[in-house]
Amino acid sequence: MSIWEKLTSIPREVIMGLVFIAILIPALNPLGLPLMVGSMSQAWYDTVDDMPAGSILLFDIGYGSGGYPSLGPGNIAAFHQMFEKDLRIVIMATALEGSMMYPLIMAGVKPESNYGAVYGEDYVFLGYIAGGQTAMAGVLGDLHALASTDYQGTSLSSLPLAAEVSGADDYDLVVYLTTSGDTAEGWVYQAYSQYNRPLIGGMLSMMTTSMKPYYDSGQLLGLMDGIKGAADMEFLTNHPGDAIVSSDILSFTQALVLILILIGNVAFWMQKGGGK
Amino acid sequence: MAILTPNRLVPLVAFILAWVATYMAIQMGKQGKIKIRRMPALDAIEEIVGRSVEMGRPVFDIIGMGTFTDLYATQTIAGLSILSYVSTLCARLGAKLYAPQASVDVLPVAAEIVTTSYRMEGKLEELDVEEQLPYLSGTQFAWASGIIGMAARLKPAGNIMIGPFWAESMMFAETFDRIGAMQIGGTARLYQIPFFAALCDYVLIGEEMFAAGAYVSGDLQQIGSIAAQDWYKIAALALGILGALLATAGVTIIGDLLLM
Amino acid sequence: MVSMDPQIWIAALLTLAATSYAFRDNKAFKFAEFTFIGVAAGHQIVMGIKNIRDYGWSHLMQGEMIYIVVFLLGIMLYARYHKEYYWLYRYPIAFLVGNGIGISIRAGIHSDFTLQIAQTATPLIASTAMGSINNIITFVGVITALSHFIFTYEGMHKDALGWGPKIGRWMILLALGASFGNTVMTRFGMYQGRVIFLLREWLQIIA
Amino acid sequence: MDYRRDIPLAITFLVGIVAVLDYYTTLESVTNTFTVIKNWGVVLQAFALGLGAVNLFRVHGKRLSERTREDWMFSGWLLLMMVLFVVVGLGTGKYDTSTQYNWIYQALYLPLGATMYSSLAFYMAYGSYKVLRARNFEAALLFITAVLVIIGNTPIFPATFPGLFHLREWIFGPIVSGAYRGIRIGVGIGAVVLGIKTLVGLETGYLGRR
């Protein structure tokens, strides 16, 4: 077996071991590399930044544990910006696990102690609503015809913010974060097309390419590109968190992947050139 | 017009016309007026089966883990049409086919399709459904491990993967590549296409798989609806090209019209 | 110091078991996978019942008797397991399918078709040279990619016109490459969340 | 008329048409009707959430009672986990909001949900090494943008050469926008035609066996 042949087939255990090391080093010793903000995250930030204080937002937690490492940090940063700007947020979940994500995120944001926000006045959580696009259209259509309580069973009429909103026209902006393609498109169909609301959305990086046409046509005013978008948001809002730590890990792991790709290709062509 | 929602006139017209177009195209399909282009991938399937016969090794046809009731039913159906074609070729040329299954809904239908192909070719005695169409598992990673295990054991010379695929796509493409199988991949789940495109000898991107499925099955209704979609794509091409050229010249009539 | 919290320990061990598949299929992974399927189904039932209470039962309690029909339809969904009356489940499914399709295609033709064409029918020449080049590349990408997916006109794929679909396929592959690159980032971005958990919460090596 | 097939087909058609009319018209009666349909849809979807569990009970309950397969203990464990969540969720009367439920969620569901797919990262590294090879022209096209995007996504490179980040941003500009808009138009019209066929009863797969 020639050296090139060996290099085209490095055993998978070796590669995975290397990946493990590449994850560990930066996790133990963060580098704090500078960050370049992408234009799509910047557009997200600016859209929220332009909202006058007191505006009401509808926010969908459309992901669960699988998406939490990518989208959770972005969600926390997004909430920091919104509470800092004194925006009021009606939160809902189209993902089955969304209601379990809510306490995790709020533990990271701490709106009461950090921003003096009050549940019911500055934010409410409606809980998980089944039905995907039907739930979106339901909340945007006539909230009170659909639901009468929040996630803990408190009557919506006793929560001033929930009592104030009834339909799409009451929201100044719709925001979502999701791991599901159907949810990502669904909000474009329901919030933008059906109810003509300004909309920003975030999703896993692997979905960004297929959602890009909506951003180009202005149906999405901003787009959070997975963990990269989350790091951008942490940077822009000046609340560094897990996503920025992740950037360091990405530097190591992806550099390793690139080296492997290079070795694989050089070896592949050398082997081919050598006439196997 | 107070009854109609403002700024949605054009989409409404497009919607109604889509209704008409679908109906007309299916009628035309039934009259045999529509022909679908033969995809190079189908020639590649013949090549794969032929190569397997020469090498005396089996052929795999994996249709994915979709069911008839999920969002990806149409992809599963396209996969089954291809399976019918592959099994006919295998029976005719004498290659051993393996088509492992992941859905209890789809399994009996797939078995029926393969049995029919072998019967039509008069090779029914060469088929063992239990062995060649095993049910592996409905859970993703168990299904993936099952396929990888089978591939390592049976060393197929060719692998055809057309249907809905999830994260297992890369594992499959990589495993079959390692054992030297020639591969064709196709799915309308766009996130998975890069893995197929990088490793397969031929890849069917998105809707190509539906067209290929309709071509081999000759299902007139499917052929008709592909034609209806084509008319819309041609309309989109015409409007896009004309609109862009006019807009460049300073006339924005088409863009404005579409936003009405 | 290592955490003493049983919750963290269970979570950490399950994280390791679920990771082990990457190296080799094994019993620990199988245990993790079966646990996952079980808890996911359990959570699904809990959320289902809570939603039925909040969005169905509450209406009934407020005197909207029509919701009895909804409950009947909901129960009919489970008729599919009955040998004789299985067809009853088609009524609620038909309702869900009609609603699901109606609600998405009504906007689909607007968002995906007319608005996307309108976006294409824009000037190719921009104020800067780079802007113009970008506009032209985008335009060529849209047109050729679209032409690649036309199947019933043989002429579309022959002679001079045949270059359209061919270039379209190349453009699609270039775009798919970008998607591949971002998928790599997605997978790593997901796993490092687990590593941070293991190091911070479980082993407590990092702050 | 066949009440087993024709009535369901009629229901699909009517509900779908109301949804479409709700979008394109401003008639109040239509909007009100569709509001009712939406609210019913949410409840029905909630009922449907139990179907998966029933399936699991049938498959694994059978394995557990037969005990012929070697993995019957796994089936028992799976059902036990399912029951655990249901008992804790309903037993407290507070569903997903009780501290107990949150505890088992964070101990069991969260780590598994977060790791199941992300462990593919390891496979991804190996896969990229094996997969991303410029072996022919088509694979080379994919290779070029994939490598450039990975480089742009790896913060250490743009930190040294900012141009690499702008290159990545540029690829997401005209290259991705163009091709994906073409794909989006195609996929969109495909979904509309399929939807129309379903509404008028030409596509009846969802009705199951005859």
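When the chains are written out, they are named A, B, C and D in that same order, and each has its own residue count from 1.
Here, a residue touches a chain if its C-beta (ideal position, glycine included) is under 8 Å from a C-beta of that chain, and two chains touch if they have at least 3 such contacts.
None of the values given here were measured: they were computed from a predicted structure.
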Selected interface, C-D versus B-D, where C-beta contact pairs are more numerous: C-D
Approximate Å spacing (C-alpha centroids) for the pair subunit B, subunit C: 19
CA centroid of subunit C to CA centroid of subunit D, Å: 4
Rounded Å distance between subunit A and subunit B, as computed from the means of their C-alpha atoms: 32
Junction residues of subunit D - those touching two or more other chains: 20, 23-24, 38-39, 41-43, 45-46, 48-49, 96, 105, 109-114, 116-118, 120-124, 126, 128, 130, 132-133, 138, 142-143, 146-147, 150, 153, 172, 176-177, 180-181, 183-187, 189, 192, 196, 206, 208
For subunit A, residues that touch 2 or more chains besides their own: 12, 16, 66, 68-69, 96-97, 99-100, 127-130, 132, 134, 137, 146, 194, 205-206, 208-210, 213, 216, 228, 250, 253-254, 257
Contacts with two or more other chains, residues of subunit B listed in rising order: 8, 11, 15, 18, 141, 178, 190-191, 194-195, 197-198, 206-207, 232-233, 236
Touch-based graph of the chains, sorted into line, ring, star, complete or other: complete
Subunit B to subunit D touching residues, read off their complex: 2-5, 8, 11-12, 15, 18-19, 21-22, 26, 68-69, 73-74, 77, 141, 167, 170-171, 173-174, 177-178, 188, 190, 194-195, 197-199, 203, 206-207, 210, 221, 225, 228-229, 232-233, 236
Subunit D - residues contacting subunit B, complex: 20, 23-27, 116-117, 120, 123-124, 126-127, 130-133, 138-139, 142-143, 146, 183, 185-187, 189-190, 192-194, 196-197, 202, 205-206, 208
Interface residues, subunit A side, partner subunit C - complex: 12-13, 16, 23-24, 27-28, 66, 68-70, 72, 96-97, 99-100, 127-130, 132-134, 137, 146-149, 153, 185-186, 188-190, 192-194, 204-206, 208-210, 213-214, 216-217, 219, 225-228, 242, 245-246, 249-250, 253-254, 257
Residues of subunit D that touch subunit A when the two form their complex: 23, 31, 34-35, 38-39, 41-43, 45-46, 48-49, 94, 96-97, 102, 105, 109-114, 116-118, 121-122, 124-126, 128-130, 132-135, 143, 147, 150-151, 153-159, 162, 165, 169, 172, 176-177, 180-181, 183-184
In the complex, subunit A residues that touch subunit B: 9, 182, 206-207, 210
